[in-house]
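Heads up, the next two complexes both have chain A, just with different partners, chain B and then chain C.
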Partner chain A sequence: MAAALNNAVVQRVTRIPPAYFVFAILMIILWIARPHMLNANILGIFIRQVAPLGVLVLGQLLVMRVKSIDLSGGGVILLVNYFISSGLFPGASVAFFVALALATGTLIGLFNGVMVAKRRVSAVIVTLAVSIILVGFVQFLSSGKPPGDVPSVFNDIYNTKLGPVPTPVIFWVFLTAIMALFLSKTVFGRYVTSVGENAEAAHFAGVPVERTVILAHMIAGFIAAIAALVQTASIAVGSVRVGLDLPILAVAATILGGVVFGRGEGGVWGPFFGVLSFALLFVVMTTFGIDEPGKLIAQGLIILLAAIFYGVRTARSN
Partner chain B sequence: MSRSIRRLMTGSQSRQGMWMLPLVLAVIICVFLAVRTEQFANPENLLNLVAQAMPLVITAIGQMFVVVVGGLDLSVGSLISFTTAILALDGPGYVLIPAVFILAALVGATNGFVVTRLNVHPIIATLAMQYIILGITRILRPVSGGTVPDVVIWAVSETFLGVPMPVYWGLFVILVAWKLLHGSRFGLHLFAIGGGIASGVQDAARNFGVADKRTVVLAYVCSSCFAALAGVFLAGRIVSGDPNVGLLFELDAITAVAIGGTQLSGGIGSLQGTVIGAAVLALLSNGMNLTNVSPFIQTAIKGSLLLLVVGLQSRKKMGL
Partner chain C sequence: MVNLIEMSNISKSFGGNLAVDRVSLELLPGSVHALMGENGAGKSTLMKILAGVHQPDRGSIRKDGLEIAFASPGEALESGISTVFQELSLLANLTIAENMFLGREPVTRFGTVDYRRMNAETRNALGELGLTLDPETLVSELSIAERQFVEIAHGIKADASIFILDEPTAALNAADVEVLNRHIRRLRDEGKAVVYISHRMDEIFAICDAVTVLKDGKLIGTRPLSEMTPASLIAMMVGRELQDLFPPREKAAGDEILSVENFRIDTASKAFSLHVSKGEIVALAGLEGQGQQKFLRALVGQFQPFGGTVTIKGKGLSLPVGQEGGIRQLQAAGVGFVPEDRKEEGLFLGLPVEHNIAIGLHARARELSVAKGHRNTVADVMASMNVKADGPSAIVGSLSGGNQQKVLLGRYLAADMDILLIEEPTRGVDIGAKSEIYGLLRDFANKGGAVLVLSRETIELIGLCDRIYVIHDNTVVSEMPAASATEHDILDAALSA
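And then the complex of A and B:
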């Protein structure tokens, strides 16, 4: 057993994020069980559904690279949805809503970042509390009822296609590519890597650790706001429940994609395939008639198994 | 004189943390409510308050075992719902009640095993467990319903020697927890492990011969079993199984623990602090209900409180 674990090939294989394996296995299952599902149109629709999640994951992986976490995405999505659908700003243009959403998201991210980096509060507690406060606030403002309609422009944009591919999917791939470039080519990207590897060493090497963490959280908030816009456009109505399970799914997809706290082996495309795996998983589970409770269990098991996968490996390398 | 008062209030240099300050806070809230509302001070509301606060007190005490060793257990909320669902399975009480505790101990042992042996961060491990248990609960009981064994209902709603049962529950839980935390070697080891982690030396207790991994696993088992006890109590109160009754309970428990002066980084805390913290939270809820505050705003206020008390604690580590 020990010899097998030290084998070069095995070590090489365990370096590949689990997301790729899960994705491949699910593809094979779908190909055997429901071959007719594997056409571009149907898959396009399913992948379009997870575009908000995919966008949210880009922020999640950034904060998880600096050993933090952001669970406030649910609150941000709800708040942005409320801004757009409540009629609080009658006759406002799309540009105004986008600017408002992005500003809100960035501000919330700034707050998270300052609390985590300066006050050194546990990131889980801060972002969870922020999410609860925002959810409570929005539900109070709308008295627990869906607030209203979303201007139709949003849904019209969401439903467009570029050739056979839905626009939201292209948008998501585009953002992912930008994030990949951002992390590999900029100084900030290197700071993120070094803070994640060892914050103390990074500090002594002259990396502004606190500023990097704050900035990571701000960018995560900004991206959460983009995800909120995509999500709002996709459901096209106001809601007081939308997107509440997205942050935890984002954590799951990120871990599955090979980005665990402080380690970024999966890069940006690992989590990307993590999200695709979840999209496929939901397709497979739906076709086999497994409903919501089964999905919750699968979600939990995936987080647990992926975390164990990395936990055991870190323990061995130490 | 003033220096010793300040030391008592802020709990600096104290192993027990600042538990006097929340006590003062609790008294202030009591006085305020007694003056502002007529219903608060009457015996019925006070007894009702004890019964209302009991699940939170029990869960918070359990949560404290894990917090003292520098962990967090986010699975307790789901476990409470799970317990009520099991109890409503329509079986005899002498089977269901032991089953609930055995299952809870198994969940706790799994949490502890994954955290200590498989090297997974406690928050991630228990978060995953929360979803798994929630899923199982929803399969067992998609919507609330069923009836729980008569024993459970009796144990919660009856009076014994003229005193309502919830009071005995409170006394029993506090006695057991006091014995475990402050009156046994296990408790001492918990504080030793947590103190080491809080000061940045992961192996401190281990180097002095404490079986740290086993002790941490037992801490998670304690947390789960106390949560199951809270679930039994709640099942007796609502007389049925409910998959959503424990929703966000873990956050209330963490808030109560943090209000009571227990440091989330580990090593510092006290039982009396946790009980007082839970009492403060319960008094706030009761007060907000009496003064007709919207339930949504209550959620927001509780979230802000969590943010505030945890924000006031300082620690060295950054991130999770």
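And then the complex of A and C:
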């Protein structure tokens, strides 16, 4: 009896996305070792740094819930950054750049979606290839040199605050809330859950499976463009290598947040805390004086642990 | 004659659940013994005890008069007890021969796997079953029926004296079943004892000598089959008479709602027509795999027919129906398709009952609209169908087969369809739930719905339906009222076509 109760508790605990544990542990470490760092201004700056990643994750978790993946975010970010910083559209307004970015992202998402859903090409290969093509395209256009500057208004918006909280962070939380509502309240959210659980059964139940996958990719492309705008505003200059590691970090944060292929138990807030954990990790590493290589290793270890955690859980539920 | 196997007073419980309760079973050499009962009656558990998979809590097993106890399936196999379980256990990415010798591969002098010997012995074993498959074929390239045969060859080739076949024909068509039956008879004539578990009456009567019926883990009785009829056997299994299983038929059929003219399943098949009216349950009967399923699937775009005209509620349906959009197109026209394979094509096993039922309603809404709760509809469906679950949020995969099937049907009933196309309405469902499902379908028809149904179980079609179309060789060969039809009539119509 005690064993069974114990087991039930264990099961409940393992159902909580690992991101929450990682987040809690990092908070405790920080609280014990560097309590003065727990300050809205300091944390705000670190969290603001991961806002582009946080936004990108919203698209990633969506496609992963329909058993797909989107690795093209790096290419989208680079292309949007190029559009804004290259001087290709002299004197264009912010609204024009935003519209251009969103249209570009959505179009790339549409292409990914059609390839994955209709042509049944592997999502990893399609989206990775798209990303490589876009990166090459931007490097060709810019002859490998960083393009020019980003209109200053982008960085000005990026640097605003609402009280102690940076605007990009508020924007990220706001988008996350919208995505949470979107998935829990709309018919599309039901379709996503159905396709993720069993695409064949979804088809026989009357769910438009292809359309759901395509739409998920379009939304992911749209969101990648938003992430690109935030990222571009943050660095304020043109770059030919900005954001290339973001897609894989987005996959990692999504998994850490309890969303694995086809299953969305972590919801939208699990991956949100996955991204926050990465932000805190940077804070902790920085305060302990650990450099970039150390951060990479720690990041990788956390992702590995999350994967093992899921392996253990899946084995138990079988 | 001396008993080959004598199981006496066997009991086995899992947790607090008594799966087998003081059951005794004797197997004679040179006989085929049927083991029957509803799902969960304890048949498989009893056989797993004999095969050494489970150990009995109480009771004894004697073989040739000597008491035996097996700690593992390997020990049982060494004592000459060979089993073909109902779960397919072949590895798809290995060849047939590799599967047959898995874990006991012969080696050459140099310590490498002796493929030559493996392939030769496999070819012989398959040959004995009348199969000419190449032993080096990957299992993934075999049809389900071929895989089943390989599985059987795997179980039979061991030089055993007792063979346990647990639903070996579930995936086989009539011709394959005949091949299998021939081999079972051969084993019998060689003096082996065969235990045969199946839900299909015709097979039981075709090859078995005696039958033992279990119910709720208890022994109901053992009888020679020569004393039994299908009706008396079912009565023994369910504790009531066959006619009580089916709801009464209503007399009047309404207006025609589905009409199919000059339909040709493929280029070589003969054209046929069929009609279904409101208030009617119509069967597609015949031997298995004669085109019944292709026809139903062609209506929803899952199969490309050669041609014909289909009219639903007076509106023409343009053929061929699209593969991706067909299901939705037909749902919009009020036609629901209930697939046979409830685990793969039907249900979302990891999701709640609620989602499984309401998805049919959501499928008719716009993607970007707010999803309605449909709580009352789901509750109504669950109540009216007597779905046994811990509320609407219970995970469907945790329900029994019968309740899962009800949830699947419930989805289409909730979606308010006018016509239901149903494949195998009661596959893998116990007799109690079958009876309830028949009642639900009859209610649906009485309210003005129309049902077109196919099933491997002819008795089910005769009892449930109003009219029967007999399908053979991809065309309709006969039409008869179900009330006066017999299994013999249907078989006769199919084979004399």
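Note that in this section the second predicted complex is superposed on the first by the 312 of 318 C-alpha atoms of A that agree within 3 Å, B and C clash if a C-alpha of one lies under 4 Å from a C-alpha of the other, contacts with A are read in each partner's own complex, and residues count from 1 in each chain.
One rule holds in what follows: a contact is a pair of C-beta atoms (placed from the backbone, for glycine too) under 8 Å apart; a residue touches a chain by one contact, two chains touch by 3 or more.
On a predicted model such as this, the values are computed, not experimentally measured, just so you know.
K.L.:
Kindly say whether there is room for both chain B and chain C on chain A in the superposition, answering fit or clash.
P.N.:
Superposition result for chain B and chain C: clash.
K.L.:
Who does A:V121 touch here: chain B (first), chain C (second), both, or neither?
P.N.:
first
K.L.:
First (chain B), second (chain C), both or neither: which does A:A227 touch?
P.N.:
So A:A227 meets neither chain B nor chain C here.
K.L.:
Please work out whether A:T193 is in contact with chain B alone, chain C alone, both, or neither, and reply first, second, both or neither.
P.N.:
The second partner, chain C, only.
K.L.:
Would you mind checking which one, chain B or chain C, touches more residues on chain A?
P.N.:
B
K.L.:
Of the two partner chains, chain B (first) and chain C (second), which one does A:K185 touch, if any: first, second, both, or neither?
P.N.:
It touches chain C, and chain B stays clear.
K.L.:
Who does A:V22 touch here: chain B (first), chain C (second), both, or neither?
P.N.:
neither
K.L.:
Who does A:L62 touch here: chain B (first), chain C (second), both, or neither?
P.N.:
Once the two structures are laid over each other on A, A:L62 reaches no partner at all.
K.L.:
Just chain B (first), just chain C (second), both, or neither: which does A:A201 touch?
P.N.:
second
K.L.:
With the two complexes superposed on chain A, say which partner A:I214 touches: chain B (first), chain C (second), both, or neither.
P.N.:
In the superposition, A:I214 touches no partner, neither chain B nor chain C.
K.L.:
Which segment, 207-215, 225-233 or 261-269, is the chain B region that clashes with chain C in the superposed model?
P.N.:
207-215
K.L.:
Once the two structures are fitted together, what part of chain A is touched by chain B and by chain C alike?
P.N.:
209-210
K.L.:
Would you mind writing out the residues of chain A in touch with chain B in their complex?
P.N.:
Going through chain A, the ones touching chain B are 66-69, 115-117, 119-126, 128-133, 135-137, 139-140, 144, 199, 209-210, 213, 248, 251, 255, 261, 292-301, 303-304, 307-308, 311-312, 314-315.
K.L.:
Help me check something: in the complex, which residues belonging to chain B touch chain A?
P.N.:
Contact set of chain B toward chain A: 72, 114, 118-121, 123-125, 127-139, 142, 248, 251, 254, 264, 294, 296-304, 306-307, 310-311, 313-320.
K.L.:
What residues on chain C touch chain A, complex-wise?
P.N.:
324-325, 327-328, 331, 337, 339, 344-351, 355, 358-360, 362-371, 411, 415
K.L.:
Which residues of chain A touch chain C once you look at their complex with the stated criterion?
P.N.:
Residues of chain A touching chain C: 185-191, 193-194, 197-198, 200-212, 215, 263.
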